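You will see two complexes here that share chain A, one where it goes with chain B and one where it goes with chain C.
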Partner chain A sequence: MSTVRLENVTKIFPPNVVAVNNANFKVEKGEFFVLLGPSGCGKTTTLRMIAGLERPTYGKIYINEQDVTDLPPRLRDVAMVFQTWALYPHMKVYDNIAFPLRLRKVPRSEIDRKVREVAKLLRIDDLLDRYPKQLSGGQQQRVALARALVRSPRVWLMDEPLSNLDALLRVQMRAELKRLQKELKITTIYVTHDQVEAMSMADRIAVMNKGRILQIAPPKEIYEKPRTKFVGGFVGTPPMNFIPVTFVVENDKYLLKGEGFSIELPKELGEYLREKVGDRAELDLGVRPEHIRISTSEEPNAIPATVYIVEPLGTETIVNVKVGETLVKIKVIGEALFEPSTRVWLVFDINKIHLFDTKTEEAVI
Partner chain B sequence: MGRRFPLSIIPVWAFLVFVIWYFALPLVWMVVTAFNPNAYSVAFEIPKHPSLANFLKLAKPVSGVVPYQWIVNSVIISLATAGLTTAVSLGAAFVLTRFSFRGQGAMLTAFVIFRLLPALLIALPLLILFRMWGLLDNYGALILALSALILPFTLMIAESYFRAIPITYEEAAMIDGCTKVGAFLRVTLPLAAPGLATIFLLAFVIAWSQFVLPLFLIRTPSLFPASVGIYFFYGQYGKVDYGKIAAFSLIYSIPVIVVYFVIQKYLRKGIAGLVAR
Partner chain C sequence: MERWVNLSGAGKSAAPASARTAALVEFTLPKLLIVPALALIGLFVVFPLVWSVVMSFTNYSMLGVTARKWGFIGLKNYIWVLTDPDFQAAIANSFIFTIVSALIGQALLGLALAVVMRMKGPEGWVGAATKVLKVIAGALVFVAWIIPEVVAGYCWAAAMSRGGLFTAMFGINYNFYVRHPLQAMIIANIWRGTAFSMILFMAALESIPNYIYEAAEVDGATPWQRFRYVTFPLISNALLVDFILITVWTFGLFTLIFTLIGPQMDYMWTLYVYVLATGRMGPPWTGPGPLSTAAAAADIMFVIVLALITGYLYALRRLRRWA
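Right after this comes the complex of A and B.
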């Protein structure tokens, strides 16, 4: 088990593309650490720098507090599972798995024992005589995992390993991968753009956008306390709703005013907000679809809205409503029958709302 | 119900038969004449008593050289040229596809342009230079010159071939424990084997049939390759033993035909690779 630490790591691709901007984090022993972000956010570049496939422009990378910044991949003792799995097409499954061991001049009998052991663990022991192209996607995936596992690496790096699988298999492999990682306690850094994958597997998530790490926290905290508007909007399905509001103080009342509504904040929260942003501020009100209740009659502190369209999904229903010009999604458990253009009121627990500064996009509460 | 034979196919067949006959005729003439012990004219004559006499005659010197020697020379020159060309193409393709550096595109374009120069254009300057350096009649020098002529072509094939192989395999191998060169040799090279075979055989065939460069750069008859040697079958006073020429031509054409059958599968792939870019 090993730790991985990045210190001020920056990667600039010529001519002047900043792929990763000053990344700092430490992955603890045995941790399942996920780099989450949209494509082009720098997560794969970060992973490749840890693997040694890219050299950081600035900064240092440590594995077990040993500086590996200038070490080639083969001397870092890390294993990587690629998005395309990268199984050597000209080698049988057995030779694919044995390849890293052969390079390390492990005795033949030992190789055989280890290959069969790991093949059994991943339930591919009956496929050892086949070539990669004779395998299904899920089987190839397992072989790639086996090849990464067989030499007990210090760190396991995974670059979207599930994204080439069909939806059903992906959900299956997700659980399996997590169990495997917990069983073997290998420090794992996992790159994905799929927030469900990140939420369900990670011990901690680092959310990245435009080369920057925006927040590093356990999944629950990422979900409950997003530090920026981007994080709030990226995690959760459907994503967090944002409604533009103005925070104002009127007659000792703390109000969030929007298009056609006004919400009074509890005194304590209002005072806190006033201290942070002053007497008047443009904010974005963030509410998760699952934290909104739809009322058919007017209630205090509710936002009036018009039903736009209803999407039934079986166990739940997504109701799309319009607040002024803003589309808001609401998750309703079970069935919800609303005719388009119906007038409704949106009610939410004031403790579950988020407020982001419109300019800086940083969370203010 | 059996499949009906459409009458409209007959003209197509007739045309194809004509085309094949048209292109095959010289070859048929060559084969027939090679086994005709009495072929003293170009006449198309089916031998009454076919024999190997013409092939035996090739063991006797022509202009002081046993013609089989020329075949042996051709084998030596072509194998060495093909080997050198393949090795250099491989190394160059590795650098061109696995590293990026300034002037890469310009370099490839330059290669393509050099490829368009006919051999005749460089033969005379080479003759002058080689004579100056005392490199005439030198196989090493001839092989270098032939390789330079063929390289742009094979390099283009190699480059497209290696570019088509994802670099991810090499990256995986590097993480698994290989050096950069090791990853290329252990993973990409085996995947590129068909491409390299194509390059080797193409280079062999081009070198085998090259006439101009050896004619200029080799002065001693015993060192000629077959392509130049065949020229010497024309006697001083226009007296020509067509049986001998045909027999020699037949032997001379065998390697090319063999190579064609070996690589036709890969050749199509290689050329298709070029087009697909």
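Right after this comes the complex of A and C.
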């Protein structure tokens, strides 16, 4: 069990592409830590720096509080699953998985036991005699995963290890991987752009965008208290709805005024907001699809909207409505039959709304 | 009504006809197009090979009585060649020459150069300087490959003469190529042929994606292990091609030998030179220009080269397997 700590790590690719901008975090012993972000956000570069494949331009990396910044990968005792799989084309699946163990002079019988064990776990035990080029993408990816899992290194580094599996297998492997990680308690840093994967597997998530780490928190907190508009919008399916509003104070009433509606905030919340942003401010109202209720009749504090289209998904239904020009998605449990162009009213769960400063995009509440 | 039926009938037979044409173009035409090439190969490769084997059992010669009235004489030519001390010396020379100058010199040096050429230099001005050096070194090696063999041979002869480059650099005050023809040839052949191996290996190395090395590095492989278990198996096919080609070329080398140590060739015969020489002076049972005896020597050389190539195949297959 090991810790990994990044201290002011910055990576600049010549001439001046800042891939990772001043990353600071510490991964605890046995933690499942997920780097989440869109492609090009610097998460893979961060992982490669921890592996030792890239050298940080500035900053230091510690494994178990030992400075490894200048240590080559083989002396760091980490295992990595590459996004490109990086299988050895001239070796059979068995030899690919056995390779790291053979380099460590593990006895033959133990190698054989371990390889078969991990192959069985990843359901590739019938492919051990094949060459990588004879496998499908999903199978190759599982071989790459097996090559990392067969060892018990100080840290597991995984770069989108499930991205090429079909939907069903991905869900199964997700659970297997999480269980294995909890069982062996190997510190894991996992890179993904799939927020469902991040939410379901992580102990903590670091959300990255444009080279910066925006928030590090457990999945629940990321979901409930996004610190920026980006985090709020990136996590959750369908994503958080954003509606531009203006916060105003009128006759001791705290109002959020938008296109064709006005919501009155509870006094406590309103006073808190006034303290933070003043008497008047441009904000983005963020509300998750599951925190909106649809009403067919007018109610106090409800926003008028027009049904745009309905997407039934079986156990739930996504209702798309338009508030002014903004498209808002609402998650309704069960069936919800609305004809397009129907006039409806939206009621927000006022305790679960988010407000972001339009300029800085930082969360106000 | 009748006409309609006829018309549709005509349409039906037209479709299979065009399908037949397509099949002809797709499958039969390619086979026909190979025929001229096959004919040429048969005429200039297969026929001479077979004829040289047949000839080696006769007393056929270029001139004299046996040029017209030749007959089979059994293994006489082979026995004459194999018991000839000059032939035995030529075999020894050829083996030493090929192993040292081609396999060790050209291939190993070429591989080392290719690996160095592909290495990532450090950042900054040191890296920039190495890059320039690499280009210059690559160009120099390549120039040796482009220069005509005759020019290269005479240049080396000049360099190895008394008062030439060797005298200036190493203080050798005699004609190096006269006293040590084999060593002189080895030096010249390494210098000349390394470029080919280097370029072949550079291309092979280029085809190995970088992430495979990264995976090996993370898996814990040392630089040597990365070469042994990743690079080597992945370029072993190029290695085989290289070994085969340079062996054949070095065995069949003539121009460089003739121009560099021409007057001293009697002391440094390779098999090929022996074959050529035998065509002029042979055993008493053939006339002037004993082609049959030369053919026997050529066939022995053919078998030797074939055996070498088989040996490479076998050795590489063993090395490619897991130790």
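Here, the second predicted complex is superposed on the first by the 331 of 365 C-alpha atoms of A that agree within 3 Å, B and C clash if a C-alpha of one lies under 4 Å from a C-alpha of the other, contacts with A are read in each partner's own complex, and residues count from 1 in each chain.
Criterion: a contact is a pair of C-beta atoms (placed from the backbone, for glycine too) under 8 Å apart; a residue touches a chain by one contact, two chains touch by 3 or more.
On a predicted model such as this, the values are computed, not experimentally measured, just so you know.
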{"item": "Fit or clash - chain C, chain B, common chain A", "value": "clash"}
{"item": "Touching partner for A:P72 - first (chain B), second (chain C), both, neither", "value": "both"}
{"item": "First, second, both or neither for A:D95, with chain B first and chain C second", "value": "second"}
{"item": "First, second, both or neither for A:T84, with chain B first and chain C second", "value": "both"}
{"item": "Partner touching more residues of chain A, whether chain B or chain C", "value": "C"}
{"item": "Touched partner set for A:G232, first chain B, second chain C, both or neither", "value": "neither"}
{"item": "Chain B versus chain C as contact partner of A:R147, first or second or both or neither", "value": "both"}
{"item": "Identified clashing stretch of chain C versus chain B [8-16, 80-88 or 278-286]", "value": "278-286"}
{"item": "Where chain A meets both chain C and chain B, residue numbers", "value": "51-53, 72-74, 78-80, 82, 84, 86, 88-90, 99-100, 103-104, 147"}
{"item": "Of all residues in chain A, those that touch chain B in their complex", "value": "51-53, 72-74, 78-80, 82, 84, 86, 88-90, 99-100, 103-104, 147"}
{"item": "Chain A residues within the chain C interface of the complex", "value": "51-53, 72-74, 77-80, 82, 84, 86-90, 95, 99-100, 102-104, 147, 157"}
{"item": "Parts of chain C lying in touch with chain A, wherever the complex brings them together", "value": "209, 211-212, 214-222, 225, 229-230, 233-234, 320, 322"}
{"item": "Contact set on chain B toward chain A in their complex", "value": "166, 168-169, 171-180, 187, 190-191"}
